[in-house]
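Next, two complexes with chain A in common: one pairs it with chain B, the other with chain C.
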Partner chain A sequence: MASQRRKRGENLVIRYLILGAWALFCLMPVLWFLSIGLRPRVEIITPQPIYWPTFSLDAWHMIWEDWPMAKYLRNSILAIFGSVLIDLVLGIPAAYSLARYQYRGRDDIAFYILSTRMMAPAIVAIPIFFLFRNAGLLDTIWALMLIYAAINLSFVTWIIRSYMLDIPKELEDAARTDGASDLRILWEIIIPAILPGIITASVIAMIFAINEFLFTLLIASTPNAYTMSVALANFTGGSDGVIYNAIALVAFLAFVPVFLVVVAIQKHLSRGLTMGAVKGG
Partner chain B sequence: MARIELNGIQKRWGEVWGVRDVNIDIADEEFLVLLGPSGCGKTTTMRMIAGLEEPTEGEIVMDGEMMNDIDPRDRDVAMVFQGYALYPNMTIYENIRFPLRMRGVPRAQQDAHVRRAAGLVEMTDYLDRKPGALSGGQRQRAALARAIVREPQVFLMDEPLSNLDAKLRQAMRVQIKHIQRELRITTVYVTHDQIEAMTLADRIVIMQSGLIQQIGTPDEIYNDPANTFVANFIGSPPMNLIEGEVAGGVFTAPGVKVPGMPAAVSGKVTLGVRPEDCHVTENDINLTGEVYGVEPTGDVTYLTLQAGEKLFEIKADRTYRAPLGATENVRFDADRIYLFDGETGERLR
Partner chain C sequence: MGTSSLPDAGATAVAPAMALTRPKPRRRSKRLKAWFPYLLVAPAVIYLFLITLYPGVYAIIQSFHAVKFGPWQPVGFANYVKLFGDYQFWGALWNTFVIGSIALTLQCVIALTLAFYAYRDPWVQGWRIIFLVPMLFMPSAVAFIFKLAFLDARVFSDLLMRVGLIDSNLSIQSSIWMSRSLLIIADVWQWTPFLFIIFVAALQGQDEEVEEAARLDGASWAAIFWNISLPLMKPVIAVALILRGIDITTMFTNVFIITKGGPAFGTETISYFIYRTGFKFFNFGYASAASVVMLIITIIIAQFVVKRAFVSVRT
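Up next, the complex of A and B:
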């Protein structure tokens, strides 16, 4: 008994050690960013290793006081949430149609939608620039919302569709005989049932959007529409050279909101990621 | 109240036939059971009555009104599904209230309706639970309450008991029949379970391969089967069907000899006799075979005899016992013998 109990205790310690090491490994880049971001600039570019780093808020003051970082952050958040909203408003009905209605060419259409993800974004960069310029949308958050939404719409539709396919058809038949219209069925039966899928798709779309760089750079030509990802690039050029500690700190700031969102909805996310794949999971 | 006519109903998906030709006249307040093996078209027939499938040919008429192009939500039918189909995100109360809300029943009246329906199926204590927190039997009762809550013209039930264990199924069967009688609502019930069909139905429709084999009361179906399919499908254990020849008024098959056949019958014939109409005896012997199996169940003993290649089921007395391999003689009740055409399987009368 006693030896068994000790063995179980040892197992537990080993388990924690392994998991702890893995967590540390995953968090290493983040901690490294933080450590760079909170040190004076001179200490970062010195070739000698430093064992006792100096703590400094230089970069922190710099990004908030010398740069309109609050505005960039606001731009990022507005553009990202707006784009996810557009994706859901368009993607949910599209997914429902692709999952449930019978019509000619349905599977082809589903494939065309997905195929928009298959080309390199740079190919359409110039046409899109002209398109937005002619529409007078350059340098606005609206343009960013639209472009992020367009980039993510295909897989948001596909993820949500795969969840809808897992819902038993009986449920809709029951609602239909109970007297519900198609829109009612979508709103009251389908959407609540696939909420984990909607959350999963939204989070993935957010992560893609926050990391988007190419189109943001193209469309945002002044700080009016700069986002965090483009702001990062500001620290690499100019007369000041590459400002590593500011880059690291901004990157960390861009990471934190996503991290918090994922932690908050972790339960739905893990359930969502498996439920789409395993029937009845 | 509603009378339903199905006139020449066909359902085809491309080359695949679901229902070939169905004509049924369902009386007001009738309890009609569609019975058949899986894939026989019974569920498709029901779904067409609900409006969830459109017939390829034929007419669905309710109370004289043509229903073919009417949406399910505009037909006054309620359906109970095999998998219960309760809305997982709603409580039982909200589930039962859903049809009332959809059909615009005034808010003030909804609560009373929900509580009455829940009371009828004894689910009042579970109204604030979600379907996930209920057992199979409770879910089935909740689904039943959702169907009866707005007192529709027609109930449709698609194998509602097939996911329940035997004991619960028996209890629910009684409850369903009781509720149907009390509410006096025309009911169409689909099942592949002959016991459910026999116990619930006013009339049974037996289907196979999209065609109706026979329509009749449980008594007629059991005692007067139209063909070998019906004879074999109803009854447990099923009727013994013996392929043989009639010559000079005597039916013969390996181990079987039955005299007194009608004069008009000769040639290849299938003789049917139910296990309970066979008696172990030493006089007027019709069948001689070897004991293949003896299964005492308490109130009756099932005896299986082998004659030639064929096995025969006999319902023997509950005290009956015999060693395997022993030779046993059996007499058939002469007035309980059925004759079927050897080729078509149709009954010879």
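Up next, the complex of A and C:
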């Protein structure tokens, strides 16, 4: 009895040692990077790293005054929200079709949609670049919106489909015997019932859109359509070298809203990240 | 835009869905009813054709041409012949494989270990939030964190010197393996949480009574995890590793920002190879040939690995 209790105690020590060590490994670089954002530029790259820098808001003024950061922010928000909207408009009916009807080729269509997630951006980058160039969409947020929507459509469709599969069929059948049309059932019964799934899918689509880098780099070649993610890479600004404190602040600017939203949908996160394959928790 | 490519696109894979884009009588006839599910799914499928099938066909055609700035010159299989003799192409495939498999293995082992210790912990919600933090930074920002800490400001070297492990600054940029390790560490730091979140959810979703029964029989916690929980998790682990594996094999941002593929092309991934030949040297026909090879690999993996994994987890 006593030995068992001691063993449990040792287990707890190991447990918190391991979890604590990883937590430290996660947070230390983040805190250090925050300190980079809040120090003057001369204290960033030095012969000896400086761990206790002087506090300075230089970078904060720089990103708003020297760069059109408000414009980049606006570009990001428009492109991201637009793309999520496109995904929902296309993805909800598609998910409903895949979840609720029996028809020939259904599983092949479902798998085709899933498989577009595996397409490496680099493979399709060149044709898409020419497609947008010929359409005159290069350097516009419309192009970004379309491409983000395309990247996320498979995710959104599969997540929503997974939530729809959970709804008991009796719920629909009752409405159907009352004479409601399929579209009305989708709109009035299914969509309200799977709202958490729709929100989860939207949040994950939003994160992937914020993170997208390669396409944005190719499509937005002038500051006209820069988003936060690519604007960062361009703070490497030529003769000035990499302006790390500005990069750090912009990174945190993008991080805070994402973090808050993700904490809010925590319970659904694992299901969303696996496109609906893993339920619970 | 690009609609000209759609008819042949529909002919190959999902013909019924394509046929439905033609206008249909409004009356709610039996025929409409049979086609209704196709109508619902068609817009999404057509949209996805535009970014996968259209570029795929385009890349195949372009790969048989020499494309610089002027008109396309047909060259037959010349691009492919050159590609298969190009040590940089094989190098890029090898680098992608080495960096990806090491990073993925590390992430899986670490995430399983952390999930094992965290999932019955009273503060599991707190651990999840803390561990999530790296994943929620933009990948381009993470790349800069690691570039600064390891290369430009040499904080990592400095810390190692302070504890006395090394005597002088590491010259990471001149060593292939140190540069690869840097890419691996950055990926492990940012994406281990992805697997962790999924594994914890899968463990929490398992039946507690089975565990409890085994515990009453005197089985240790580790034994229960190894013999009961882990086998039950196999399908979930497969799906999680596939999703992560896809992202790792397409690794671009970190290479672009941290190493630029160097030293001596030792960290050039396949995505970066395509980017470099296409958008730096404007050798689009050649880059497309590399894209087509990668596309074929992707389709094979999708058909044989991914399909099976996603089917098994659903049942």
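By definition in this document, the second predicted complex is superposed on the first by the 226 of 281 C-alpha atoms of A that agree within 3 Å, B and C clash if a C-alpha of one lies under 4 Å from a C-alpha of the other, contacts with A are read in each partner's own complex, and residues count from 1 in each chain.
In this text, contacts are C-beta pairs under 8 Å (C-beta built on N, C-alpha and C of every residue); 3 or more make two chains touch, one makes a residue touch a chain.
Computed from a prediction, not measured in an experiment: that's the story for all the values here.
Student: Check the residue A:Gln266 against both partner chains and state whether it touches chain B (first), chain C (second), both, or neither.
Tutor: Only chain C is touched by A:Gln266; chain B is not.
Student: Have a look at where A:Glu170 lands relative to chain B and chain C in the superposition and call it first, second, both or neither.
Tutor: In the superposition, A:Glu170 contacts chain B only.
Student: Return first, second, both or neither, reflecting whether A:Ile207 touches chain B, chain C, both chains, or no partner chain.
Tutor: The answer is second: A:Ile207 touches chain C but not chain B.
Student: Tell me which partner A:Trp52 touches in the superposition: chain B (first), chain C (second), both or neither.
Tutor: Once the two structures are laid over each other on A, A:Trp52 reaches no partner at all.
Student: Could you say whether A:Tyr103 touches chain B, chain C, both of them, or neither, answering first, second, both or neither?
Tutor: After superposition on chain A, A:Tyr103 lies in contact with chain C alone.
Student: Going by the touch definition up top, name the partner, chain B or chain C, that contacts more of chain A.
Tutor: If we count touched residues of chain A for both partners, the winner is C.
Student: After superposition on the shared chain, which partner residues are touched by A:Trp32: those of chain B (first), chain C (second), both, or neither?
Tutor: In the superposed model, A:Trp32 contacts chain C only, not chain B.
Student: Just to be sure I read the superposition right, which of the two partners does A:Asp178 touch: chain B = first, chain C = second, or both, or neither?
Tutor: Touch partner of A:Asp178: chain B, not chain C.
Student: Common interface residues of chain A with chain B and chain C?
Tutor: None.
Student: Considering only the defined contacts, which chain A positions touch chain C in the complex?
Tutor: Touch list, chain A to chain C: 11, 14-15, 18-19, 22-23, 25-27, 29-30, 32-33, 36, 44-46, 48-49, 90-91, 93-94, 96-98, 100-101, 103-106, 108-109, 111-128, 130-131, 134-135, 147, 149-151, 153-154, 157, 182, 207, 210-211, 213-214, 217-218, 228-230, 232-233, 242, 244, 247-248, 250-251, 254-255, 258-259, 262-263, 266, 269-271, 273-275, 277-281.
Student: Which positions of chain B touch chain A when the two form their complex?
Tutor: Residue positions touching the partner: 47, 50-52, 72-73, 75, 77-79, 81-83, 85, 87-89, 98-99, 102-103, 146, 156.
Student: Show which residues of chain C lie in contact with chain A when the two form their complex.
Tutor: 1-2, 13-14, 16-17, 34, 36-38, 40-41, 43-45, 47-48, 50-52, 54-56, 58-59, 62, 110, 113-114, 117-118, 121, 125, 127-134, 136-141, 144-149, 152-155, 158, 189, 193-194, 197-198, 200-205, 221, 236, 239-240, 243, 246, 249-250, 252-253, 256-257, 270-272, 274-275, 278-279, 284, 287-288, 291, 294-295, 298-299, 301-302, 306-307, 310, 313-314
Student: Across the complex, what residues on chain A touch chain B?
Tutor: 168, 170-171, 173-181, 184, 188-189, 192-193
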